[in-house]
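Look for chain A in each of the two complexes below; its partner is chain B in the first and chain C in the second.
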Partner chain A sequence: TACKFAGLSDISISEDIPVEGDISVPVGSQNPDDDFSTLDEPVKDTILRDLRAVGQKFVHVLYPKKSSALLKDWDLWGPLLLCVTLALMLQGGSADSGEDGRPQFAEVFVIIWFGSVIITLNSKLLGGTISFFQSLCVLGYCILPLTVAMIVCRIILLGALSSVSFVVRLIVVTASFCWSTFASTAFLADSQPANRKALVVYPVFLFYFVISWMILTFSPSP
Partner chain B sequence: MANTDIHLQFQEFEDGQGFTENNQGATTVTIDDPFKSRKQRKATGTAFEEEDSDDKTELLSGQKKSAPFWTFEYYQTLFDVDSHQVKNRIVGSILPWPGKNFAEVYLRSKPDLYGPFWICATLIFAIAISGNISSFLANYGQPKYKYVPDFRKVTMAATAIYSYAWLVPLALWGFLTWRNRKITSLVSYSFMQIVCVYGYSLSIYIPAVILWIIPSEGLRWCSIVVALCLSGSVLVMTFWPAIRDDKPRISIAIISTIVMLHVLLAVGCKTCFFSTYEMDSSKVHNEPLTATNTSSTKAN
Partner chain C sequence: MSASQGSTNTNTEPWGSFDDNVIQGSGSAVIDMENMDDTSGSSFEDMGEIHQREEEEEEVTAEAAATEEDNGEYGEFLGMKGLKGQLGRQVADEVWQAGKRQASKAFNLYANIDILRPYFDVEPNQVRNRLVESLIPVRMINFPQKVAGELYGPMMLVFTMVAILLHGMKTSGTVIREGTLMGTAIGTCFGYWLGVSSFIYFLAYLCNAQITMLQMLSLLGYGLFSHCMVLFITYNVHFHSLFYILWLVIGGLSTIRMVAVLISRTVGQTPRLILCGTLAALHMLFLLYLHFAYHKMVEGILDTLEGPNIPPIQRVARDVPVVANAVVNATIKSIAAVVQSQ
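On to the complex of A and B.
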């Protein structure tokens, strides 16, 4: 059939003319200022950049405003660091305490990660728009106030084990529990439909409550 | 050619019926428009009727899709509840009303897994924490006693409660399905509905377990009896319509088995985690220890 468009009526391409040419795409690694390839930089730069990102997120957790920095560039280094620190500090320092009712390292680790996964699955099943790793990132970073409380409790427990120290520890742990829950809710609640916010917040509350309980009932072996 | 002239002639229709039969676009709607009835019900403003119209609109618009159980969407349909629905279901299981079948009134063929899962999780941690607090309070005055959080209780409690919440409904559902083949009854429940009813019926135990912290035997047995009556009656009122058409011996046997298992769970939890005798609590601490540690505990 003849071509109907006036401007193109004189174009005819036969099929046996080979098309040849030279296509060159500017490759990023040839440009030293381009930061898509980080393989060539010194290790110190890589570590410092990651540490700076982790530190920035710590600041965001300590002053929870509605910012998307935690959500956009999620990473799991911070949660891993916090989880290992917390689990190590809940150990009590002695290898064989005689009464091993206190949680082992693996138990704390499993509770934190398994708990985070379950809460993330719960929020996704309820129709949340947050992604899996973003949610793990937020929940892990919001353990920071509780880790700080653990450090403070250990320092308090270096003194005498009395009821005054218990009351002080109770206040510190309660404050950091409220802080953690509030911080993570500030990040997570936006991603849920309005009539299900309470259903998503309650498991987060339970999760931090259990961790706070473990911190509060920690008693070092003599 | 002559035939087409006949078709082109204008034909009179007697009444509107021939017109509507030929024209497929115009349908006479005789049922209530679902959206209009929903607005009318919303105007009356009661939550009960809102849930009713939510169900009706879903059924009428044909959105009830059943995805296969290995896909994520299947489980999303099981979590398709709102906060106020969960709240209503919990209230309905704590305060059973005679004549209100829990499954009929609250579940209405939309069972959810959110309630059973999180109620069981809360109950497990409530038992573990309350058990630790109560053993701490019971041994408070003694100088030799050093409080150690017994983490093993959490795993034991988790195994017991989750197996109760899943295996007993599985057995009950299997039995009811088997009986349904022989005796057709008006009411039959799906597996998810039975899991849902059992899960929500455990919610009364959470305040009861928290009350067990107070080291008074009378109060503990009192709260057990009250909790058993309330949750037992929820279960009985749910399952009685499903089995009352059966032979009376079998109906009585099923009801008594349901109640007996419920009693066993409550009493078992209390005995394992809340014993007020000092010997029992030290036994619970010492039993899981390995042989290398028995020498140090014998010195105690």
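On to the complex of A and C.
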């Protein structure tokens, strides 16, 4: 049949018409798994590899330098983990209060993701060069200091609920809020034109402020 | 039938389309087995098959996809084996490709955020200038004042107001109900901005004022700057008299500015009155509502929870008559003292 194909192609294509474009064989997805197949490795390997990537990005957030690891290999596992942890910890004690005592799980989730989407859209509309998911990745990972602050606040709240504890919690949350904002702007502001950095930083500041407010006003049910 | 199909062929390939006379029974998608000759590995009726399907696809997609189809045709030609099972997959794949192309075209047309990009083209000093100008009433109302049509400033102001409202709940010292208050705060602020803008735009349309929806959104959004400032101050300094003064002064300045801009773009006394009266009323009343209604709501929730044991005045210094009376009494006393000393 090869020679028949060749014969037909002689008839059908004239010399001066350039033949270009993709030639795809659309007969099912029979991609040979020769080079990069991760389907056959054990699940433990996959999980460990992903966890290692997530952990590496955590380190990049905690010591924000101008590295592009967060941007190049973006993933959304880390933000999901942090978001779920934060939302679970904001649930707190027992659900005995009749009213909506504290933010529901879905509320925290929606605020974090909806806020990240808004900030991403804003930075793209202002002429940013960062892609949608990269920005989501950076904003999600920079919630890490606030999650750590939440853990610390929970530990402090195991003790007495007094004004001293409030002041300590205020200091901790403020410090982690500044850390988060600084870390995320270190990644995000680079993708903006130079004179518009302030326009991008402000919504990030608001976003982390709202999350810090939720953390600071958390009080466990008696 | 072949000849008529040849004449209605809209897609003539550059190398000259296949002569349909060669293909028997090319009008349907079913292979006419009796016309298949021995060389069925790469038979001409399969080419006719492809040809027919290309024609149908041409009616679905735009002309711009013609070059793709040429290449796709070559690709299919190489992969075609002339069997029905693979034909079914071919057809399904072609339909999928066509549908995907259409969907991505529609998506690029409608969900393109570049539509909004010109409204966000601002510099930080421009935003700062407009924020300050929103409190300065314009003098000249004889010719239309320029209204900047941008959406960055208004959106950031709305989000800031949401944050300030939430902050106000915290500093009032009440047990926080983030769940209900967060959604309410966001809904209130965005509802005000979008709803009142639309309503005033509708009135402006009725009153023949020359203002576009974008300009109205921008104008009202920047008017929220006064609200943000007043609420930020009065949530931290709890004095009702201070709130009234700020409400009149700062709220009034921003209202006068918005009203002046609208007046400059409207002709006729009655339309001006209607439009500006409505805007002024809504703007000022909204600030009043934000200050009082939220506290009352929080206090109401508190009452149901903590019971009547704790007298209301101890929780939040929001008791209007007592504070106002105290201020009035102090003022009267001081005036009386001054008068008596003369």
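Here is the rule we go by: the second predicted complex is superposed on the first by the 185 of 222 C-alpha atoms of A that agree within 3 Å, B and C clash if a C-alpha of one lies under 4 Å from a C-alpha of the other, contacts with A are read in each partner's own complex, and residues count from 1 in each chain.
In this text, a residue touches a chain if its C-beta (ideal position, glycine included) is under 8 Å from a C-beta of that chain, and two chains touch if they have at least 3 such contacts.
Bear in mind the structure is a predicted one, so any value in this text is a computation, not a measurement.
> Can you tell me whether chain B or chain C touches more residues on chain A?
It is C that touches the greater number of chain A residues.
> Regarding the shared-chain residue A:202, is it in contact with chain B (first), chain C (second), both, or neither?
both
> Does chain B (first) or chain C (second) touch A:210, or do both, or does neither?
both
> Does the superposition put A:126 against chain B (first), chain C (second), both, or neither?
both
> Once chain A of both complexes is superposed, is A:167 in touch with chain B (first), chain C (second), both, or neither?
neither
> Could you tell me if A:47 is touching chain B, chain C, both of them or neither one (first, second, both, neither)?
Neither: A:47 stays clear of chain B and chain C.
> Scan A:21 for contacts with chain B and chain C and give back first, second, both or neither.
In the superposition, A:21 contacts chain C only.
> Kindly list the residues of chain A that each of chain B and chain C touches, one partner per complex.
99-104, 107, 122, 125-127, 195-196, 198-199, 202-203, 206, 209-210, 213-214, 217, 219
> Note which residues of chain B are touching chain A in the complex, please.
For this pair, the touching residues of chain B are 72, 75-76, 78-79, 81-84, 86, 114, 118, 121-122, 125, 129, 132, 146-152, 285, 289, 293, 296-297.
> Provide the residue numbers of chain C that touch chain A in the complex, in ascending order.
14-15, 39, 41-42, 67-68, 70-72, 74-79, 86, 89-90, 93-94, 97, 113, 116-117, 119-124, 127, 152, 155-156, 159-160, 162-163, 166-167, 170, 175-180, 182-183, 301, 305
> Which residues of chain A touch chain B in their complex?
Against chain B, the touching part of chain A is residues 96, 98-104, 107, 122, 125-127, 195-199, 202-203, 206, 209-210, 213-214, 217-219.
> Which chain A residues qualify as touching chain C in the complex?
Touch residues, chain A against chain C: 1, 4-5, 8, 12-14, 17, 19-28, 97, 99-104, 107, 111, 118, 121-122, 124-127, 195-196, 198-199, 202-203, 206, 209-210, 213-214, 216-217, 219.
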